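Should a chain be cited, it is by its letter among A, B, C and D, assigned in written order, with residues numbered from 1 in that chain.
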Amino acid sequence: MVCVSNPERRYVISFGCPDRTGIIARISGFLAEHGGWIVEAAYHTDPDTGWFFTRQVVRADSLPFDATELRARFAEVAKSLSAESSWQVSDSGERRRAVILVSKAGHCLYDLLGRVASGELDVDVAAVIGNHTSLGDITRAHGIPFHHVPFPSGNAEAKSAAFAEVRKLVDEHDPHAVVLARFMQVLPADLCEAWAGRALNIHHSFLPSFVGARPYHQAHARGVKLIGATCHYVTADLDAGPIVDQDVIRVDHGDSVEDMVRKGRDIEKVTLARGLRWHLEGRVLVHGNRTVVF
Amino acid sequence: MVCVSNPERRYVISFGCPDRTGIIARISGFLAEHGGWIVEAAYHTDPDTGWFFTRQVVRADSLPFDATELRARFAEVAKSLSAESSWQVSDSGERRRAVILVSKAGHCLYDLLGRVASGELDVDVAAVIGNHTSLGDITRAHGIPFHHVPFPSGNAEAKSAAFAEVRKLVDEHDPHAVVLARFMQVLPADLCEAWAGRALNIHHSFLPSFVGARPYHQAHARGVKLIGATCHYVTADLDAGPIVDQDVIRVDHGDSVEDMVRKGRDIEKVTLARGLRWHLEGRVLVHGNRTVVF
Amino acid sequence: MVCVSNPERRYVISFGCPDRTGIIARISGFLAEHGGWIVEAAYHTDPDTGWFFTRQVVRADSLPFDATELRARFAEVAKSLSAESSWQVSDSGERRRAVILVSKAGHCLYDLLGRVASGELDVDVAAVIGNHTSLGDITRAHGIPFHHVPFPSGNAEAKSAAFAEVRKLVDEHDPHAVVLARFMQVLPADLCEAWAGRALNIHHSFLPSFVGARPYHQAHARGVKLIGATCHYVTADLDAGPIVDQDVIRVDHGDSVEDMVRKGRDIEKVTLARGLRWHLEGRVLVHGNRTVVF
Amino acid sequence: MVCVSNPERRYVISFGCPDRTGIIARISGFLAEHGGWIVEAAYHTDPDTGWFFTRQVVRADSLPFDATELRARFAEVAKSLSAESSWQVSDSGERRRAVILVSKAGHCLYDLLGRVASGELDVDVAAVIGNHTSLGDITRAHGIPFHHVPFPSGNAEAKSAAFAEVRKLVDEHDPHAVVLARFMQVLPADLCEAWAGRALNIHHSFLPSFVGARPYHQAHARGVKLIGATCHYVTADLDAGPIVDQDVIRVDHGDSVEDMVRKGRDIEKVTLARGLRWHLEGRVLVHGNRTVVF
């Protein structure tokens, strides 16, 4: 077995199913039978719901068949474990694609583009879509198409048309991740549904505190001593989707709202990047409104 | 000037007043005039309200008069700065007293008693009051009186009588701090008022998230990735008083509610002890529902 | 499967062995064959040395035999995996014993005793041994025997006799853990060997910075902005044994050495308690001079 | 007084001098005499050396003279306090300039350029100098000149010529900060001297642990549980200059050296950016080999 940072091709198997004895033996037996070399294995049981979760990473060259065949054979295993609806087999040899939605604030976009450019975040950014034009130049400097879709305020019909345009631009790339990098627009229910489990948002507070608009102003008014950031899957309930990661940073009475905004950026950037990385690596399994992060 | 950990006698002057030019010159001029040697000085201005705050620590032996005379003279300075209502001069030579209220959970009490016994927390614990008897032995082992005041559930009249008994036991010591060390009973409004600015509570969540009962259960249900603890002054609004300090600790999907309870204890203990220490050293100035912590 | 905080009886199996395909299948197959219900499973491969590690927690009532029989049967599995020398099967139904060594500083002892008394740390403290008498009272207040073994400074022979006395007092309890809770004496090589893998020390720095005496003085002189604490297994090389856990806390220019000592206590306490807990739960596997902490 | 994030023009006064009574009164008296409105004031005394430090921020429009006149008048105050050699008065109306030195690793450069572009870091990046060409494109995309100065390995003379070229390119901008953003070359003594107090380095370890080359490899070999980053002023002693800021991030046995490199980047970026910001705002006063950071 070799470490996960080794660039060799791997298959990642993950699923959730009702817990019972013998699940680990079933999966590891299936893999051992074909010579599968497991390089990472993680398990979790949720005692409240009696549900079992796992993620296994296997060296591709240790198996005598390709991803398609692995999927076909693993479907049998999944069925025998009542995991039909949740199992996934992904192939590290297939490139991942992301589309990033932005507004005016550029710190998360600059950060993500820098990570991609320096090879840290292994994803193709297919496009960046902004409701302002200000982040077009940096996007194009990275060789990525930028689409400007204006969102006229206060006009429901025009907003609806703008979201339809965004959806079209996103869906033509069929991305593995739709990243709301401080997009500042509430996704309509149909987009939440269409992108369920793929749309990641960064909210600039330690949820569930300070849902909605101007969370740093809310935090300042409440006099908290730490501010936070939350990366979560987008659902139809505002800022209430399954949480992938959170972080905090210390503030004190000397910090104005503007200071909080500045300090908060550092945790927004890192929390979003970490959440996106985990999502792309298939580490995040959603279970009800919670996540298992392997 | 010497460092604050030096055990020499000091006077601590603090106040808040409307901001304007020349305040620092006024105070430092007053002290310099009498040879006052400032060993710590901190300032803060709240731009939202235009209010100025300061805390000054002066070596007692550098001044030609005692605390009583200092108070008499400083009253003039405070008046000239419109700080009549908020100024305080405390004397490190006068011992501080605390009364601790507990229920069954002992971790905060064990921690506070250990800190006092090892000389880290400079306060006389005048009494511990519990609505159960289980923490009596450890309290008495530290040579501190323990009073058992049972709180019958569901009986408003008996509860009211119990609180009256608690109040009597507390007030006879006229303590500088009333510490709710996981007391688990909501103080009635009259006690909140009587102990305003002196009653410190530790709430086992990162407020304003998870107000009220069973915050770790709430945190687990929401699937947060960090849990917190908040030390705050008690006011009539449940868990909504001015925050003195907060801390967090990382959790993941593998942590049950019981694991969260256990991990949370470590931050509850340290957050309460830190808040109490700052309160006793006169570092905490309350301004509306926020605190300045020098 | 149920969560680990459930008090039901469990067997904990752990070992390290050369990595190869099929190990997980071998163990999980063995357990599944007998109906073993795995409640926690963790794996790790060290790519540098090609070594595989695992820890499995099984519900005792799910197996048709007791710990003795499990050990007999598992020995075969271990042998087939070349894990003869490292495998362990522990039984949560067997009480764990610890002996604590202290000097004058009481904060770690107070903390450990408080955790044991409140049921958080599941261990019997068989004895506390101090080279000063000052911590005798609190130890006895917890109903634990305290032994005073003076260490005359500068007298090698007397020191050697003192260590022999300490060894006798410790070994008669055959403890699972010997906890050096700020003991301040360097263990001689023979004791390091006798207690190898069982003696846990808390060093008051972020190792490998500031080895040896007066680490907070060293940290202050270097002007660091964070101070640390390190829980490690004791070996014959001073402060160089395998690290179990570390933590840090922020300091600034205003912190004197005394302030660092005070702030550092909070991380010493929690780091030692966490390391001890993991050690007692069989979560720590030593591999060369590093640890795997499951 | 207004908060520091207000963009109004300010003068920043800072100095260190021997401690005595009346220093604060002297400065604040001088300022009050001319109507100076202090918006931030910080003090520190080092008890070991008996040295006093302060930083005062004054609204420019509150004084009846300009920065030149303020400097002339303040020179008298500084002289009377024996602070002739250390005092500084800076003017927020004068733009700050930085030159950034890089090698191949781009994460710190991407981060700094993103912060400058989004208005978070208030400095003109006059030039970026790299000993490889790989970061030229991103630099030019931000409209900043990039200079390639190759450093032939193993050739002392050529290296010396390269450093002379770097020096010429840097010095023509007379920058307030020379930022070694993972430059990977050890500055010769003459450059350390020429840029004393202006050259900031980010070292990828928690100094003083793991000085010199490949600190993540050293950290991995030692089995530490936290890795760190240190921003410090460059001096002739390798990685031993005054520390401005440090941070750490948790790692475990599962993290390979490559994982540590990746995780470490997040703290390198934020620690360097924070240190640079504080340096540019005149918040960092060097005292021997330590810093006071107001």
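Brief remarks on what is shown
Please note the rule applied: contacts are C-beta pairs under 8 Å (C-beta built on N, C-alpha and C of every residue); 3 or more make two chains touch, one makes a residue touch a chain.
Computed from a predicted model, the values in this text were never measured in an experiment.
Among the remaining chains, those touching subunit C and also subunit D are A, B.
Looking at which positions face the partner, subunit A and subunit D present mostly the same ones, since more than half of the interface numbers are shared. Of all chains, the one whose Cα centroid sits at the greatest distance from that of subunit D is C. Averaged C-alpha coordinates give centres for subunit B and subunit D that are 37 Å from one another. Centres computed as Cα averages put subunit A at a distance of 41 Å from subunit B. Looking at subunit A, residues 3, 47, 256 sit in touch with two or more other chains. Chain-to-chain contact here is organised exhaustively, every possible pair of chains being in touch. Residue ranges of subunit C in contact with subunit B, taken from their complex: 3-5, 105-107, 110-111, 113-115, 117-118, 120, 137-138, 141-142, 256, 258-259, 262, 265-266, 270, 273.
Within the complex, the subunit C residues that touch subunit A are 1-3, 6, 19, 21-22, 24-26, 28-29, 31-32, 35-43, 45, 47, 52, 62. Touching subunit B in their complex are the following residues of subunit A: 44, 46-47, 206-210, 222-226, 228, 242-248, 252-254, 256, 289-293.
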